[in-house]
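In what comes next, subunit A is part of two complexes: it sits with subunit B in the first one and with subunit C in the second one.
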Partner chain A sequence: MMKRKILTVLVAATLFSGAGIAAAQTAAAGKASDDVVKIGVLSDMSGVYADYGGPGAVTAAKMAIEDFGGKMFGKAIEIVSADHQNKADVAKNVTQQWFDRDKVDATFENLNSAVALAVQGLGKEKNKITVITGAASSRITNEDCSPNTGIHYLMDTIALGNVVGKAIVKDGGDSWFFLTADYAFGHSLEKDTGEVVKAAGGKVLGAVRHPLSTSDFSSFLLQAQASKAKIVGLANAGGDTVNSIKAASEFGLTKNQNLAALLMLITDVHAVGLNTAQGLYLTEGWYWDMNPETRAWAKRYEERMKKKPNSNHAAVYSSVLHYLNAVKAAGTDDTAAVLKKMKETPINDMFAKGGKIREDGRMVHDMYLFQVKKPAESKAPWDYYTLKGTVKGEDAFLPLAQSRCPALKK
Partner chain B sequence: MSNRSKVLYIVLLLGALAAPFIGYPIFLMKVLCFALFACAFNLLIGFTGLLSFGHAMFFGGAAYLCAYAAKTWGFTPELAVLFGTVGAAILGYFVGWLAVRRQGIYFAMVSLALSQMIYFICVQAPFTGAEDGLQNVPRGKLFGLFSLADDTTMYYFVLAVFIFGFWLIYRTIHSPFGQVLKSIRENEPRALSLGYDVDKYKLVAFVISAGLAGMAGALKSLSLGLATLTDVSWQMSGEVVLMTLLGGMGTILGPVLGATSIIAMQNYLSSFGSWVTIIMGATFVVCVLAFRRGIVGEIAHRLKK
Partner chain C sequence: MTEIFGVPTQALMGQLMIGLVNGSFYAMLSLGLAVIFGMLNVVNFAHGAFYMMGAFFSWMLLNYFGVNYWWSLLLAPVGVALVGIVIEKTMLRWLYQLDHLYGLLLTFGIALIIEGIFRDQYGVSGQPYDLPEIFKGAFDLGFMMLPKYRAWVVVACLSVCLATWFVIERTRLGSYLRAGTENPKLAQAFGINVPLMVTLTYAFGVGLAGLAGVLAAPVYQVSPLMGSNIIIVVFAVVVIGGMGSILGAILTGLALGLIEGLTKVFYPEASATVVFVIMAIVLLIRPAGLFGREK
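Let's look at the complex of A and B:
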């Protein structure tokens, strides 16, 4: 009986503290007035993509605010963040509350393409700026584009295929075999990359489809091995990519063939380990060890997060800073005026040189092809990549003329 | 209905009518949708004793159907919701026809397996938008007349549908048919020996539950404007079990309270980042240890004593 009482008290305490926090949040929101610049960072804080964006993205955004000076028009810049748990409906609910009640002016990060599309749709409806860095769907600036509110800051699937395809063929990898996740995303990645490879003078020897979230890649890898292609392209994402890389290493496939991951970041390489990932080709929009500027920023980030940033974290930093500069230049946080400034001003910081936000919301910047180092070549922790090629922004992203964005068609 | 519960229902109704002036309409709509979903699920587990582990297929399937009908064919909201509901009920008929022949863990596994099939169809089918989901679903005009674009108006539409669904479940439970269901839950061989065609009763209960779960899913896709893979994933089937158990299985209001607490936790704690899932898990553990009948179940039990 005693035990039960204690437990009941515990539950009550938990519930009450939850209610108290919720009340405190609403109270804090009530004080904010329109002249305060307030940004939101929405990401996956605890799930499969937490390393990819997550708390690191919030830290990057805070660093941007600090570097800006912390104040706008004499008032402190505010930041809120939330975990969307990879659920589009949670994302939509939270973001709408930010826009309607908490007076948030712009949201950043928004990884996971379902979340990104939901948030951008909401931004369009409520006329608020939404900057997407982590999600890669090309729908964001094509079919579901929002030229007056939405910005897609980092890579998209078209650019990924473009860079990997072009740069690897140039580097000598001219025969390809695809290992494709059997759903729309995998199919389109395979098709787009295959076309790029052929256009660059390479050959596609074949492809094999594996079910989403599979754990046994053996039969698929044997087919890839039998194809004798120089490059095995991984047209999949997340856990599937990691699992296929691990399995390929166990099967000894990487001795004679090279893997090319279409969607992978340095944090994934770190998780897999150099032993397994060595020789892998991948593309990112940024790497911490590229020049003194990137190294300096990565060092500051590492002091806070105890690990190196990936290109997504750098993109969040850059996009927040660019936004704040645009607000300052425009002298207002009005959406149209700020977005105009953001598009007018080229982006020159540690993330991108000469980056430009296009009419359709696509931020065009250089993309890089990297190869993962062998364990012997790596001199320090996180010393993972060798730069294999740079693809200019104009060549990496879909040209504006081919955009499928309905709002741009006159 | 006793006087006391009459008063309770009236207070709740008044509260629900006043809610959008105090709370946040989008959040409230989501709560109502999940509450209806949990009530529909409770009809099976709480009153018929069938643990379905695949209810996400009805919820998510109807969400997709409704979103597609509203977005591509331009259905009015009431027709789109009806379309989703009927679709889920038909699906429920076929799934139920296969699943009710088995009991306990086998029933749960059959429903889970079929639900995963629906999930993979949603991943593959061209009309669902795969991992991006169906986005920007228009709310449209009710009966072609009233625009539901305003959140408060939409809330009252959702509330009306919810009350209809809740009433239907209430009537089902308190009808002679509901009595037979309860007897099946208590002792299936005895119900069979009394001459009831047990499988047929179970199937009808399954179809009603599936249809109402579908109605909840359809409403959710309209009010939030999206249908995604989250709605059909097995985690969603798990979440509804959690909601029902937390609130009180086999009580009428339990699932409503359970759904409210889970959705509130998901939304209001989202700024805590990775702590959300831990807090939810801890709450569930505490609930199972401290009040095994669920929140409402425990209160009702205390009141009776």
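Let's look at the complex of A and C:
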């Protein structure tokens, strides 16, 4: 009897960790004619990154379709979306179905680096455009690049490290210790930032790797504290970053050391609260309160989602709109023709000014260094950032000449 | 400075202290599970959801009604317990005669529903809950800075655990409870209201989870996912300690917190796995758990 009970618990525990069956909310397959332009938005709809992309990304894509006019060549533009649950295999299955059966022409968002690499690989194989916004691994346009189908739109680990790393070392923060999420993205972020720090004359004193979705960071922070590094770089994302910051402030780490969040969006700052997050440096590609254009767009988004958008949502909007404009200009949804147009045309919208998609698929645009405001400085909800510096796209991203993309090697 | 396997003793002491803090969380959560399992024979998979609910209730009390932390400590667990009573009265009680699997599936479903509702309402990033003013700052222990709040958590958890153990094992009420579990018919013949006992036990068990949630609110992010992050470890604790064993749950909770803390020093990458390795070994050697009795 006892053994039976224990067995049941074990089975259930396994069940729990894999909870939620693939809930692809694929709309009924449209007419199978190729003259319908159909896009897919793949994201984490309910897991740790759901506020980072998720339903907000779908809303942003829908806004782009509406602003475009809703129709292409006289037919309504269709959109499908699905939850990849942060699993590369689920992402691959859904995307394959989209490409093969549902005649989806291009997919967007694709956050989570493991997902992004899987989806981009599939796009390469099927010759379909895949636009990645939320994922940040630099491999997307380097080792695993796909210049004929893949676009990396928002930021990557090299740019994040470049902006924060250089700025902080210049500011005197020349010794670093990393708190790293133990998977591809974290390692890549730690390595890229570490190189920037060293190149700028700083030192990397060490790193500690924590499992993804750790709930308690206190012991890792004690190790960071013991390192006596001036800067503790958080090479993690989402809930892990939030919990690291909370624990750091609780354990008094922020008294003698400074935190640098390498990937943190405004939705995370909102979740931590200004009391805890104040003074933190972070990099984003966009902020809602930069100019009248961004504010107007954010207001429309907020009416639908009841919260402000982050840079990822803005990037999804911009990339979908850019894609639709390119299809229109090319007069076809043929992959090669559309991609050529997308690369030829500079991007000038509320997300980026003079943005350009490079040969390797990297969209190059300005990046911004922000500091989180003190509670007293914040005048309204979501009034969180002070702009500390703008880094030109060509200085933030890896120059094309140094690209490790094999397909570009002549 | 002296070192043990290349790790300064000072750092080691700090990690052990933190292990104790986490261990007391584990102890309190697994205690609730053990009580429910011991008395009701229900594997309560909704425990993590109740823990999350406790944290959210205290956040709501603060943000919607301006109720402070101390009142939350009392009100939020009561709120959670009330939800527990409704669930026990309307759903769970029909399943006692059936195999454990049914109770497990029901509570698992309830957990997913509760989590889904909160996720829909509040998103996944969670909400901040500030530390109460009195707990800001830290004690300097020489080898580490111990935040005052963490110290309070250890004290609170251990006192609640001991009180629960005392009530169940040493008082008249506890003896009724144990009699009701051992032989419900006979106990009823002696005039004990067994169904009421059962309902109250369930309410108390989930109330403990709610209380742990309130204690966790200021240190962790109040997020719909916080329950499912911790529940698997807590189940492992209960299995290692011996299902239904109250003392086992408390001691194992503390011990595993310490072991996990040590792993974070020597091989941090394994800190999420070590608990399950121990569980596998314990099950191989003592299938009923360290403190469990073979039936």
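We take it that the second predicted complex is superposed on the first by the 322 of 410 C-alpha atoms of A that agree within 3 Å, B and C clash if a C-alpha of one lies under 4 Å from a C-alpha of the other, contacts with A are read in each partner's own complex, and residues count from 1 in each chain.
What we mean here is this: a contact is a pair of C-beta atoms (placed from the backbone, for glycine too) under 8 Å apart; a residue touches a chain by one contact, two chains touch by 3 or more.
Worth saying up front: this structure is predicted, and the values here are computed from it rather than measured.
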Touch test for A:Arg101: subunit B only (first), subunit C only (second), both, or neither? first
In the overlay, answer first, second, both or neither for which of subunit B and subunit C A:Ser137 touches. first
For A:Thr276, decide between first (touching subunit B), second (touching subunit C), both and neither. second
Kindly classify A:Ser219 by the partners it touches after superposition: subunit B alone (first), subunit C alone (second), both, or neither? second
Where does A:Ala50 make contact in the superposed view: on subunit B (first), on subunit C (second), on both, or on neither? both
If you stack the two complexes on chain A, which partner ends up touching A:Ser378: first (subunit B), second (subunit C), both, or neither? neither
For A:Tyr183, using the defined touch cut-off, is the partner it touches subunit B, subunit C, both, or neither? Pick first, second, both or neither. first
Those residues of subunit A which subunit B touches in one complex and subunit C touches in the other: 4, 8, 10, 46, 50, 54, 182, 211
Residues of subunit C defined as touching subunit A within the complex: 8, 10-11, 14-15, 18-19, 21-22, 43, 45, 100-101, 104, 108, 111-112, 116, 119, 123-128, 130-131, 138, 144-145, 147, 149-150, 219-221, 223, 225-226, 228-232, 235-236, 238-239, 243, 261, 264-265, 268-269, 271-273, 283, 287-289, 292, 294-295
For the complex, which residues does subunit A have touching subunit C? 1-6, 8-10, 12-13, 15-17, 19-20, 46-52, 54, 182, 208-211, 213-216, 218-220, 222-223, 226, 238-239, 242-243, 246-247, 250-252, 267-268, 270-273, 275-276, 307
As the complex stands, subunit A meets subunit B at residues 4, 7-8, 10-11, 14, 18, 21-22, 25, 45-46, 50, 54-55, 80-90, 92-94, 96-97, 100-101, 113-114, 117-118, 121, 137, 139, 144, 182-185, 211-212
Over in the complex, which subunit B residues touch subunit A? Could you list them? 24, 26-27, 30, 120, 123-124, 126, 129-133, 135-136, 220, 224-226, 228-231, 264-277, 279, 282-283, 286-287, 289-291
